[in-house]
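Same chain, two partners: chain A is paired with chain B first, then with chain C.
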Partner chain A sequence: MQTFEGYRRPNGSIGVRNHVIVMNTVGELASFTKKIAQLVPGVIPVVHQGGQAQFPEDYKQTIRTLKGTAGHPNVSSALFLGMGDDPLAKELEELLKDDNHHVHAIYFNKDKPVSEVLKEGKQWLEEAMDRSKTEKTETADVTELIIGLECGGSDAWSGITANPAIGACSDFIVRDGGTSILAETTEAIGAEHILAKRAIDPEVGKKFLKIVKEYEERIKDTGEDIRSANPTPGNMAGGLTTLEEKSLGCIKKGGNSTLMEVIDYAEAPSKKGFIFMDTPGYDVESVAGLAAGGAQIVLFSTGKGSPTGSPIVPVIKIGTNPRLYEIMSEHIDVNAGKIIEGKNTIEEIGEEIYQKIMATANGSMTASEKHKNQEFAIWRLAETI
Partner chain B sequence: MDYSFEGYLRNDGTAGTRNYIGVVCSVVCSSVIAKEISESVPGTIPIIHSNGCAQLGDDFQLTKNMLVGISANPNLYSALLVGLGCETNQVSGLLKSIPKTKPIEGIGIQQLAGGENTTKKGVQIVEQWAKEAAVMKRENLPLSSLTVGIVTVDIDEDSLKRIVPVVGKVIDLLVENDATVMMGLTDTLEPAGLLLAERTNSQEAKDKLRKLEEGLHRKRWKEIHKDQSAARSFSKEEKLLAALEAQMTGTSPIESLLGYNEKPKEKGLHLIVGTSNMVETFSNMASSGCNLVIVVSSRGILTGSVALPCMTITPQNPYGSFDELVDYTISEEDPSVQVEKVMKELVEISSGKQTSLEKLELGEFSIPHVGTTF
Partner chain C sequence: MDKKYNALKLNPNDNVAVALKNLKSGELLSIQGEKDQIKVMEDISYGHKVATSFIKNEGKIMKYGECMGIATAEISPGFHVHVFNVRGLKNEERDHSFIDHVDTFSS
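Showing the complex of A and B:
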């Protein structure tokens, strides 16, 4: 069994990183959040523009995403910044404390000077940083790992090299008792029947077909055809011709394992094995959802070369072709282009990715971590009020 | 009294109250590189956001137009567009749409084979512009060169009552002096639709404003709604408060109701769509050509716009309420005296005096969504 040294959290989960983060609960506080993070080296700001003036569906999704992010096993401590009259920070703090997370919320109150809030925030974060440095790791195995599966900037090689290799790796992880989550509902359109057939029972299959259908209708309902904008200009330059072709390539990341569960955006899986999460194909929003759902590491195939990462989870980039690896190696962790050159089989690259996951879980930095690619965005479900 | 300010006259006749170099990401995937470039050169602002790919129709157009609009904003001496390469919102498309009245260039991470090269190239371009921008001088300009946004944030009845007698007159004075003013039509002002409809000669604006009587409409796309919008009627209290807020616009006729990224076609008073997310509203104002914003609130606000000076006006409060973030506090003094004081502050800020928010470097940019990402 493959093992790694991780950080055991009081709620039983295990992290592969030990981050201290600071988050805003309302858009108005995004600037301050970045400012406070700058005061304490090593603290990561996670900012967004949601949280206020949202319909219930967005509000719930925002809470779920922020809660999943702050309570993530890779996070040692999280500080929330809230407005004095904003219930969101309070609610998040209470929810997470109930689950034994080290979190704190500070508020901008009308009777407190802003400089006081900055001082208070800085002090808490300094203590949290010190605290994180005293935390010890312990040995855990792959059964405790959740791996997110993502693709971005796909080309015609994606479905031939990197995605099938990720699929092979996903099957290895599932075989060894771990969990992998495929995402990007829109990129299952046209290939949904294949995944539905692999569902553990008819209920799961039906739920999967339902989310795919809903997504397509959601888009049609706005008077648009998803097929007119996907594949994107870059995908087409990369040789992809239709959405179905892109989808067939996309779902290869899911390997051949049985589909155990279909979960909502930013929701944590309740089962082990192969899972599907309902997310947009938009990479940064999708990765944020996967991370909030508890994935400790995300695999991300790219043909055109995408540098994006996540503020809290290591993202492992798998390049689809040799040329990309040659010119953009600064952003690529695994070169699946070797499959085209006949140097390796899909299974061998799948194994290489697996070893990369274990090395990353043991602390080795990924390309996106080295470059501080900490993009974050939450999938929106309605206009701002 | 004669009013004028010291601003940066642009080639297209507009004027900047600031002289920034903008580094604009076309998509969230290039936001880190755009930020890195802007952090390397003083006088440069990052215009970064989380949109730009996997968008369709109106939602995509809004993102694109917003970036075209802010790149063209007179507070920007020049703009560097930083793309990834494979995104929906292509840099080449942005370059085609931005008017060629200032230095504009575009670079892409995939085209330049990686983030390191892109940062290097971007810094090179921006450093050159910074030298050019540094030698530009402010010149004396009439108020007709100002486009002032005004928006209320988190405001109660008592505060409105104390602020309206002063700010309403300020807006009248700005309009009399041929400035362009756009008031944010947000959910707190929308209930005054019928009242505002009476003040416009534009049939289009009248129709849209009267329609607001039906209630609050916003698009929702998670569950498929029949009319893709959600209406909730406005309460009597909301209408009363909105009527009071409407007085903030003074007494001038309303020329038009501007949508997202729409530039006013004539001087005078306009309304502009906004949301209760102030960053989105400021960003839309910046995209529509504003060079300054007046924010009216019961308290100091905690963020401004990355590109526009936001001058905050609040009433005097017993509890202080973020005084260090406020630029003008309404006192018990005679309103006509205070009108002159606000005008003086506005002219000074337009001429380069930093607002409280600018001093603390609190400014953001954000693009609203009007449809799902996919």
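Showing the complex of A and C:
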């Protein structure tokens, strides 16, 4: 069994990083969140559009995402920056303190000079940084890893090289007792019956078909129809013939393992093995959802070099073609284009990705981490009020 | 390993392979993981599919080990497999056999 050195958290989870973060809870404080982070070297700002003016379903989704992010096993300490008597910052602080996470909330307040708030934040973050340096690692194995599976900026090679190689890796992880989470519900439209057939029982299969159907209906409400619009003329010129084929090229990131569970956006899986999370196709929101659901590392295939990263989880970039690797090598971690050149099989690249996961879990930095690519956005379901 | 091949089969059960470079009519197909060589019968662009076995009219097109479409004509090995001889699945052709009473999709 392959092992790594990780950080054991009070709730029993294990992290592959030991980040100290500061997060706004309302959109108005995005810039101040970045300013506070800059006061203490090493602190990562997690900035988003905020949890205000939302319908209840979005408020719940926002809380789940922010709680999953701040309470993530890769996070040692989290500071919330709220406004006035902001209920969201208070709720998050209480929820995570119940889990014994090291968190704290500070507030912008009409009765307090801004300089005082910044000073208070700086002081807490300095102590959190010192505290993080004293935390020891312990040995854990792949059964405790949750790996997110994502693609962004796909090209005609995505479904032929990088995605099947990620699928091979996902099957290796599941074989060894670990967990992988496939995402992007929109990408499954057209091949949902194939993935549903792999479900462990009819209930899981039905739930999967239900989330695909609901997503498709929401898209139809906007006047778009995925089924009749795909494959696009550009897809066809690239060699894709049917919608089933296009969707298979995406969902094969999940390999051929049995589908154990279907979970909501930013929800943590309750089972090990191969999981599906309901997320949009937009890579930034999807990666944020996977991370908030507890994925410690995300695999990300790209044909066009999408730089999307995450503030809290290492994102491993798998390039689909040799030319991309040649031109953007500093942004790509694994070159699946070697499959086209006849240098490696899909399984060999799958194994290379697996080794990259273990190296990353042991602290090796990914390209997106080196470049400090720290994109973060929450999937919004309804209108802003 | 560093073997040269010009096409890739994504699953051993597939009846199509993907061209990894522009294939010329008359050249031999060299598929990763397979010894059999098939003669390419027409020019096929990279990324496009080539039949690796005889596919009858209304037969399944298999890629990734899954049914990705239905043949609308007979396709012999070495020929291009694309929109002119393949269609997508109708809703009633999709395999929902794992569930007793599933709400089917309207295609």
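Operating definition for what follows: the second predicted complex is superposed on the first by the 364 of 385 C-alpha atoms of A that agree within 3 Å, B and C clash if a C-alpha of one lies under 4 Å from a C-alpha of the other, contacts with A are read in each partner's own complex, and residues count from 1 in each chain.
Everything below uses one rule, namely that a residue touches a chain if its C-beta (ideal position, glycine included) is under 8 Å from a C-beta of that chain, and two chains touch if they have at least 3 such contacts.
What you are looking at is a predicted structure, and each value in this text was computed from that prediction instead of being measured.
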item: First (chain B), second (chain C), both or neither touched by A:Ala377; value: first
item: Chain B versus chain C as contact partner of A:Pro202, first or second or both or neither; value: second
item: Greater residue coverage of chain A in the superposed arrangement, chain B or chain C; value: B
item: Chain B versus chain C as contact partner of A:Glu348, first or second or both or neither; value: second
item: Touching partner for A:Thr308 - first (chain B), second (chain C), both, neither; value: first
item: Which of chain B and chain C A:Gly238 touches, first, second, both or neither; value: both
item: Contacts of A:Leu248 with chain B and chain C, given as first, second, both or neither; value: second
item: Residues of chain A contacting chain B in one complex and chain C in the other; value: 238
item: Chain A residues within the chain B interface of the complex; value: 27-32, 35, 48-49, 52-53, 55, 57, 83, 108, 110-111, 113-115, 152-153, 186, 214-215, 217-219, 221-224, 226, 228-230, 232-235, 237-238, 280-285, 304-308, 327-328, 330-331, 371-377, 379-385
item: In the complex, chain C residues that touch chain A; value: 1-5, 8, 10, 18-20, 32-33, 45-49, 61, 63-69, 81-83, 86-89, 94-100, 102-103, 105, 107
item: Interfacial residue positions of chain A with respect to chain C in the complex; value: 156-157, 160, 164, 190-194, 196-197, 199, 202, 205-206, 209, 213, 216, 227, 236, 238-239, 241-245, 248-249, 252, 256, 339-340, 342-346, 348
item: Complex interface listing, chain B residues touching chain A; value: 28-29, 31-33, 50, 53-60, 84-88, 90, 109-110, 113-116, 187, 216, 218-224, 228, 230, 275-280, 299-303, 317, 319-325, 360-364, 366, 368-374
